[in-house]
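Have a look at the structure below, then the notes.
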Amino acid sequence: MGWNRQQMCKRASKELLDGFYVNLGIGMPTLVANYIDNTKNITLQSENGMLGMGPFPKKGKEDPDLINAGKQTITSLADSSFFSSADSFSMIRGGHIDLSILGAMQVSESGDLANWMIPGKMVKGMGGAMDLVAGVKKVLVLMDHNAKDGSPKIVRKCTLPLTGKGVVNLIITNLGVFEINDGIRVLEIAPDLNKEELINNTEADLNFI
Amino acid sequence: MIDRVYKKVYKSPKQALDGVLFDGMIIMSGGFGLCGLPENLILALRDTGVKNLTVISNNAGTEGQGLGLLLETRQIKKAISSYVGENKLFEKQYLSGDIELEFNPQGTLAERVRAGGAGIPAFFTATGVGTLVAENKKHESFNGKDYIMETGLVADLSIVKAWKGDKSGNLIYRKTARNFNPVMATAGKITIAEVEELCEIGELEADQIHTPGIYVDRILKGTHYSKAIENLTLSEG
Amino acid sequence: MIDRVYKKVYKSPKQALDGVLFDGMIIMSGGFGLCGLPENLILALRDTGVKNLTVISNNAGTEGQGLGLLLETRQIKKAISSYVGENKLFEKQYLSGDIELEFNPQGTLAERVRAGGAGIPAFFTATGVGTLVAENKKHESFNGKDYIMETGLVADLSIVKAWKGDKSGNLIYRKTARNFNPVMATAGKITIAEVEELCEIGELEADQIHTPGIYVDRILKGTHYSKAIENLTLSEG
Amino acid sequence: MGWNRQQMCKRASKELLDGFYVNLGIGMPTLVANYIDNTKNITLQSENGMLGMGPFPKKGKEDPDLINAGKQTITSLADSSFFSSADSFSMIRGGHIDLSILGAMQVSESGDLANWMIPGKMVKGMGGAMDLVAGVKKVLVLMDHNAKDGSPKIVRKCTLPLTGKGVVNLIITNLGVFEINDGIRVLEIAPDLNKEELINNTEADLNFI
């Protein structure tokens, strides 16, 4: 039902405007890089200390000293720069990154985000997620509309521990695009879907105006 | 003008660690995942058997790699990290209560270390406001926005890894192997650096030095760099 | 992978300043004394006639040099500096009440600017405790030592000077002309950099960049560098 | 009476121990560099952003991009490094500099230092002095024992606005060497001087044990 992952990533890539500095989270957000419009000048930041992240290396060209925040081997570009973790998060915390795309377990109608722990399960840590959502100018959540058990992930109030409070600006799921700004406004609905289906799959109130 | 004699150079990680270790000490270790790790010093640290360590490091290594080595020997009592996902042994020791864990958001961790090295006992950040991280922390509002107070971190010993270093302790890092190393170099009461290339004075360009020698008490050339890749990812073609 | 088009390059300081100025604005200017000053931008700033400026800069220039140019035309309403000793015109305007002055200890000034750029609204420092600087500031004790709270600084516009810059805004400074420039580049809502050499993308080594391009909104090659020496001191022989 | 400036600087230079990183203030403290024992490894810091400060340049070798905190032209050495003002004062504030030598108008018996302003006179600013005295491990004041009008500069309580409170560890004047540590202890008296003369020229109590 709705968009597939490719379509979701493609839709997300439209939020990367010309001149933007962007941080892509681990997982599906990383794939958005594949859909960037080449006519736009987009610079990718990796919070472990790099601006101007290039594509994954060709075989034999991998460099253990050159990885992204997901510990994947990457490459640099002609305009790349490297810096320390402290300088990297000064950039993030200081509001210099235009857009961050992250995955989520839950997003509330007030923009609260939960994506780092499930009580009772082993916690791996929040990594840089809390810093990103607190510091970056615009936060886009890219996720499946529903959890694997079918339960809605766009909720009135997050039941999971938060990563940030009132931090999410935009949600892109397989079912639509949603703006959070004093409630949730539906910007787009996936083509083969009606309003009612969307409402049924969402706990939070949706504003269609 | 002066023919300086530099007394910072040590022959081996074992010798560099001599006289600075004690049980229960706080150690900072540079590196992000397995990238930019002070591999030789971690190995030597394991062999000394020093225990009950509090280790401040972004990650906890993987099994048999990085700080994972000190988990196998149960030398770590407490870890202050932002992400420990890659280590099953850590998980096991944590769930059995053998190891204490304090999670810090990655940027807060980096800034706490920087603050420690810069003589700043505390600072305010919006990171973590409204989350578990903010619990029991002082809140304050600036220009109508809420922030929490975080404190500076210092260590009894910092171990860092650089690409090139000269005999006065000046360091240059390579690519993303820089990560936490420069800030941790500033926040150790004693800082030991291991380098891939130990240079003569004057070989490094003064404008390009990432860590000035003042922060490095001891320096050694590492002989063993496995430089493991955690997550080899290749593009097609 | 991408043939990037960089839209940051401006032909002249006048063009680079176009559309970003307004009366009463806060401007940060890099430089220490007359070293590492954005000379071309200061000159162009004078010619725009923008007034009632609050200028954050370590010094106030000398007569006819640096920010001294903006004093002659009475464009500065307030200065936030650590030392203004070399400027008699400043003294005159200050004593006649024409200009407001806020002294910050040099390190506190540098850290306030860094904090502003790093999203840190406030931090604690021991600098100035027990002095006039501490008056009306929040005091707090950490580990039995007293500290005062200082706040972050941001500017409507930062003007900085680098040695080399590329078209994506990456900057490299030369020797002690670095000084306040890198931190000020991070703390301007808009940052304009002037450079001695404007390079093509790829000419600067990624490990050696002092200011990543993200901080630079506009960049131009300066044509006029007087690089005056304030205090020529020579050794004998 | 007592030591001349050369002798004072020479005495001060003995406080620069092997391996020390040292910041020398503007004026007489700068001259101490001329007396550094070449067998010791001493690194000079300049707070405008340099470690490893060399001597003044020869004529024609001056570089406007290479100055010290007194805006004097200087040179670099083989082990020099340059850094930003923020990084420089992190070094200072963080306690990484072993010794700072500064001039003073007044020093009190509890180590209070006044050296930046005289009320009613134009104030030039504190520059980096407050940061240095608050951050550096050991603070040495190098000054004339008495003001030009003959009044004592080592006082019970500073009457001038302070640069730092309880920050001075050692005073070297033309009349002697004084350690501040729970009162003032006289470590050395200039050769042609007796205790009484020293006491008469000093407002604060002196401990000769």
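Chains here go by letter, A, B, C and D, matching the order in which they are written, and residues are numbered from 1 within each.
Operating definition for what follows: a residue touches a chain if its C-beta (ideal position, glycine included) is under 8 Å from a C-beta of that chain, and two chains touch if they have at least 3 such contacts.
These numbers come from a predicted model, not from an experiment.
Chain B and chain C, compared by their mean Cα positions, are separated by 32 Å. Chain centres here are Cα means. That of chain A falls 28 Å from that of chain B.
Averaged Cα coordinates give chain A a centre that lies 35 Å from the centre of chain C. Chain A has residues 55, 76, 82-83, 89-90, 92-93, 135 in contact with two or more other chains. Counting partners per residue, chain B has 111, 114, 118-120, 125-126, 173-175, 178, 206-207 as the residues that reach two or more other chains. Interchain contacts give a graph that is no line, ring or star and is not complete, per the touch definition above. Annotation, chain-chain contacts: A-B, A-C, B-C, B-D, C-D (touch as defined at the top). Here chain B touches chain C in the complex through residues 111, 115, 118-126, 140, 142-143, 145, 147, 151, 172-175, 178, 206-208, going by the rule given at the top. The touching residues of chain D, when paired with chain B in their complex, are 19, 21, 36, 38, 41-43, 45, 51-52, 54-55, 76-83, 89-97, 135.
Those residues of chain B whose C-beta lies close enough to touch chain D in the complex are 1-7, 114, 116-120, 166, 168, 170, 186, 201-202, 206-207, 209, 212-215. Chain D makes touch with chain C in their complex at residues 46-50, 55-59, 62-68, 70-74, 76, 82-86, 88-90, 92-93, 112, 117, 122-131, 134-135, 161-166.
Only residues 32-36, 58, 81-86, 91, 94-95, 103, 105-111, 113-114, 125-133, 163, 173-183, 210, 227-235, 237 of chain B touch chain A when the two sit together in their complex.
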